[in-house]
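Sharing a structure below in structure tokens format, with a few things to ask.
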Amino acid sequence: MRYLTAGESHGPQLTAIIEGLPAQLTITAEMINKDLKRRQGGHGRGRRMQIETDTVDITSGVRHGKTLGSPVALVVTNDDWKHWTHVMGIEPLEEGLNPEDVKRQITRPRPGHADLVGGMKYGHTDLRNVLERSSARETTVRVAVGAVAKQLLSELGISIVSHVTEIGGIKADTTKSAGLSVAQIRGIIEGDPVYCVDQEASKLMVQAIDEAKENGDSIGGVVEVIVEGMPAGIGSYVHYDRKLDAKLAMAVMSINAFKGVEVGMGFEMARKPGSQVHDEIEWNQEQGYIRTTNRLGGLEGGMSTGMPIVIRGVMKPIPTLYKPLQSVDISTKEPFKASIERSDSCAVPAASVVAEHVVAWEIANAILDKFHSDQMPQLLESINQHRAYTKEF
Amino acid sequence: MRYLTAGESHGPQLTAIIEGLPAQLTITAEMINKDLKRRQGGHGRGRRMQIETDTVDITSGVRHGKTLGSPVALVVTNDDWKHWTHVMGIEPLEEGLNPEDVKRQITRPRPGHADLVGGMKYGHTDLRNVLERSSARETTVRVAVGAVAKQLLSELGISIVSHVTEIGGIKADTTKSAGLSVAQIRGIIEGDPVYCVDQEASKLMVQAIDEAKENGDSIGGVVEVIVEGMPAGIGSYVHYDRKLDAKLAMAVMSINAFKGVEVGMGFEMARKPGSQVHDEIEWNQEQGYIRTTNRLGGLEGGMSTGMPIVIRGVMKPIPTLYKPLQSVDISTKEPFKASIERSDSCAVPAASVVAEHVVAWEIANAILDKFHSDQMPQLLESINQHRAYTKEF
Amino acid sequence: MRYLTAGESHGPQLTAIIEGLPAQLTITAEMINKDLKRRQGGHGRGRRMQIETDTVDITSGVRHGKTLGSPVALVVTNDDWKHWTHVMGIEPLEEGLNPEDVKRQITRPRPGHADLVGGMKYGHTDLRNVLERSSARETTVRVAVGAVAKQLLSELGISIVSHVTEIGGIKADTTKSAGLSVAQIRGIIEGDPVYCVDQEASKLMVQAIDEAKENGDSIGGVVEVIVEGMPAGIGSYVHYDRKLDAKLAMAVMSINAFKGVEVGMGFEMARKPGSQVHDEIEWNQEQGYIRTTNRLGGLEGGMSTGMPIVIRGVMKPIPTLYKPLQSVDISTKEPFKASIERSDSCAVPAASVVAEHVVAWEIANAILDKFHSDQMPQLLESINQHRAYTKEF
Amino acid sequence: MRYLTAGESHGPQLTAIIEGLPAQLTITAEMINKDLKRRQGGHGRGRRMQIETDTVDITSGVRHGKTLGSPVALVVTNDDWKHWTHVMGIEPLEEGLNPEDVKRQITRPRPGHADLVGGMKYGHTDLRNVLERSSARETTVRVAVGAVAKQLLSELGISIVSHVTEIGGIKADTTKSAGLSVAQIRGIIEGDPVYCVDQEASKLMVQAIDEAKENGDSIGGVVEVIVEGMPAGIGSYVHYDRKLDAKLAMAVMSINAFKGVEVGMGFEMARKPGSQVHDEIEWNQEQGYIRTTNRLGGLEGGMSTGMPIVIRGVMKPIPTLYKPLQSVDISTKEPFKASIERSDSCAVPAASVVAEHVVAWEIANAILDKFHSDQMPQLLESINQHRAYTKEF
């Protein structure tokens, strides 16, 4: 499978095309919309999230609720486009119009954003041409793509959830999520303002967000994604670019503002002896091979072990601050104080939803690499045979 | 550019083919051999590292010391192959031979290795068929490939180094490496047993390694790679899979036993407000645009900013322990205690060398994506024009 | 660059996303629409072509007529969709509805189409699920994508045209097009009902098409694409999958109903001695290196020579015939006579337009592989430097 | 699957790495060597073919005759290397040596070869740096790679053969090969000097080759590849770059000196009405769906139909002629007459062997895309289930 996305933050729409989905998979816009809504939630979002509700249109590849095997196109219309038809107009400006009147030209790059370097790269002296695409708005349609992948996984008995484990230095007590299933975690976080399993930490996180907002500042955090029901042997050790953990790391790091990723115990492994890091192996008739612990996060040798996959990513604080940061106007080379009027003070809960979806995509893709992949019934049969085979291996 | 590697740990040789190198690049086996030697060093290695010295043969793509533009093949011969011609023989076994006599068949998967899942995936009941390829032996030839990339970067004024920042819970004082250039860091670590800049921490790390060895245990650690001289605008924000940080994360996570990766301040960003995370922008005639700090590790919006790239990875303790871990024999399903006779107790210094080389590859590759890429003189001219252009942008 | 397309023949729309275009390229819907119109023309088309006029909407990646460097999305709305909302509905059928009432289910595969094998592959017992995507309707959006590539080439001084050289056994006199420029050929064919340079052959082709129609039959033909203004050295001999002629062959063969492709003298080369096949090389101050003939069609060693690229493809007769062909109903396994009520009797002129556009894409893509590729001004400078360099080489 | 090749014509060796082969596939050097020998045969070859015998060494990915799932490396040593260690030396020239003494520098590009354009592209003023890689010598290792693919196909019940259908204007009577199986064709051509089924045409072809040689000229021809035992549904219509015929066209056109490719009736389809081009469909209990003819060459809608795949390619006459062609010395810009002392006068029989092998690779690769692909037993089971399923579809 592969996909491409297109769309600017204030353009008419976001678009994605997914190529390579098996036929006979049930997809509806409704299922995707639920995840789009989760992405728009979470304490700490600015006003835009409150006034817009993203919904998807499926414009090809699906008939009567089932995939055709042909490419699936997804469209998320920007409700706000009507106010931007001039500034973001696609056709050339009419003669006689002064570009500066209509363009809301931006020559002041914001630190921490793609503005300056993106301008250099593509030759944009109006930095709006950069920020319209580098904006996290694009993750909307990546969530839509991932929601399709999740539906595929679901039909194969694989479920996935994300939750927030840290915001602004407040850490959730991970023993509270440790024994829980994906469904249980989902149940808890759906009612939580920061998608956190630990209700006490959640309260402190909300406070921290509010404080950051008052200070004109922003805070980041850590999100965790858990995948349950994995068959063993997805990914491969035989070539470096086929390792599943490497692909997951790529996907998580590619989310806007993410600066780190770790699997299982992650960076803690630098502080523990090997005897406390590796997962012992057992076998019994009922379950086949199991690990008695899951410190490696369900991944050994670049492959799924059959244990839940556990992966975390860190999101930096949003760089759009009320508090001014020093920068330089590119047209005059004069310094200025970058500051803006409104922004999210924390987008970690939303980012957790994005992380869930980019992970879902990689997992689904790796599964299709290994198994019979043209139609869902054959794929399901193929994966179930494999489950039985690995149990008795 | 792209490359493939082949080779088993006890097979006749490791091979790599690199396709897409510009012509007119100076490459010699000698330059590559220096890096292969660094990979074999570091306190804590087992006996194999001491008895073998890896050297490379270039078998195509180079003539009189310069690349031709055609694919470059690299071969690292296994000196030890002569003892393995029977066990690892390539041709079918002669009739009458009892496979069990010659095969040193392995049915006991080691926890933390690819053994069990790899066996399931490829249908190997002799797990030697897995471990021969999943072994970190393969990183030898990835270092050779990266050494070629480093030579390319070097001709473009880009230098790269790795050093060890943590082993077994002992952290180096990072203020000691903070202001140093790549060349300075290289100068220091070359004389250090664990490739660490902080000499006091180094001593403690050596102690920790020795203790782990005495305990029959192993320890992991953290390595940092620094890339200096980067032009701005390598990578891109326009599509998720073109982000340079995502590609670097993939590369680092793909190294055997790596379980996490972070850029700049990394996971610390979850604990700081935005005003202490982002790097302010300045411009002056002499240097053009600069950041006054480099907390984001030289990457904004998935692109190089022109500041040094700083990326870290965590390596888990080596799973081959003297201390026994519980596992199951796949032929009998009986439990056993996995324990082995000799192994490295810490491979973090060696792994730092691997990290340096996989990062070098990704950087070189991303540079060739952007610039005129058939011959070195044109590439160098193209990149220098870009440097001048971004300075005045 | 890369692109994906989506869309069914009677679905709401066709969509394409192009990723990797340089910034600062001028694109307007109007330019693309001209080529879409050419694709809908040509003597021998059925009614659908006459009642619909395809036009494109650019929905992202372009602002005020210039590319942003971000992905470009193109949408061609199906005017006819309003009549198909039930049959091709995307959402699941409402309960109580009888699928057979709304689905216009097809169980009778047409020989020469993807129907039967596509049904097997994706598990579609309603073969409409196949033909909606396998239809040549998809080439509409491939033309739109190619029209963008042509605009890029045009800014680099590279022009491209296609013309029809054979239909239903009637061959154009190729000496009539031999000395003509791309612009001259375009001038002639725009007024011709079958896009043929030889006006006498054209008349006979029109007759042949009319006869085929009367007979309830269909005819195919040969189209030729010419690319002028090529820089030398696009493509490469160093690896088989980088040869430009191989990529062009792939592109032309991928057009619906194309069954052969040849470059320069093509299959005639099997009948001539080498001394009459190869192009002699000359050099003069004004033009640099030239070939005195162009029998190899502008390609040597998988690279452009700087001479015009000349490539031809053969299209089979459209398989949808009034004249019945024997087939089998997949639900009953009973034989039936496949025959339909209306169809094109010859789509070769339209297919010539498709060929022009898929070739344009491959050429543009190969050019971006070699040169500085983020912005048009830098790309143009890079390519002009190369032209000067190769002249004096 | 993917593969890379490396190696210069007079360098120490040719190398290939194949990544993605299933485990448990039987491969031996002996099987590959048979095909390497066929490639060196055929009337019309020059002296080099007679003095060298290519044989392969498998250096990784295989143990005791079976693939491991890890990358397979293949090496073909150049026996002649010992005479070229100076001219083609890999290490920099020793100081004091005059490069012109050792280099056999070439400044005179041969028409019809990659020499001139390759020199421009990579900046080689010694054109030996081009021709060493652009030489058809590289096809040796592509044959070795294809021989592995053929072995995979063979275990799945798919067989493949190539034969020569035209040389220098002499056409074989195709009715003589029409009804024959792959095995029968192989049986006949193995004893034929030009790998042609029609024994009378073969004699005339041999004469034509001898005449061309006497005239200091060369001749080309047409080769045909036939694949038997194909399951239906390999390839796909859903996206242009997944069409199997497009991939086959790419592969055949990528062979050195190939200038055209066609499937089934190919270019003849421009001369026949649709009713004489398409293949009618029947079904019976025993065979399932069959076509009563195979004019489309086993491919509909970019997918295999289950009928034999039939594909042809045209090879131009070898451009290295005794008869002089006009060219220009790049160092002086003076014209000269390009002529050489010894060469093949016809390499079509050898090229037919190459075509067989590049087609085998594409077919094998497309099969692995669709089916369970990690181990041969599971792949075979998966494909056999599919065969039963399509029969009853």
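Labels for the chains are A, B, C and D, by order of writing; each one numbers its residues from 1.
One rule holds in what follows: a residue touches a chain if its C-beta (ideal position, glycine included) is under 8 Å from a C-beta of that chain, and two chains touch if they have at least 3 such contacts.
Because the structure is a prediction, the values reported are computed rather than measured.
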Find the chain most remote from chain C, comparing centres computed as mean CA coordinates.
B
Hey, which pair has more contacts between C-betas, B-C or A-C?
A-C
Where the centres are mean C-alpha positions, what is the separation of chain B from chain C, in Å?
45
Averaging over Cα atoms per chain, report the distance between chain A and chain C in Å.
37
Residues touching two or more other chains, restricted to chain B: which are they?
4-5, 19, 69-71, 121, 133, 233, 236, 238-239, 374
Of all residues in chain D, those that touch chain C in their complex
4-5, 109, 111-121, 130, 133-134, 138, 142, 166-169, 212, 215, 217-222, 232-233, 236-241, 243, 245-255, 259-267, 269-275, 277-283, 289, 291-292, 296-297, 300-306, 314-319, 321, 323, 325-328, 330, 333, 335, 358, 389-390, 393
State the interface residues of chain B toward chain C in the complex, per the touch definition above.
19, 69-71, 233, 236, 238-239, 369-374, 382
Complex contacts: residues of chain B adjacent to chain D
2-8, 11-17, 19, 22-24, 26, 28-29, 58-65, 68-73, 75, 88-93, 99, 103, 121-124, 129, 132-133, 374-375, 377-378
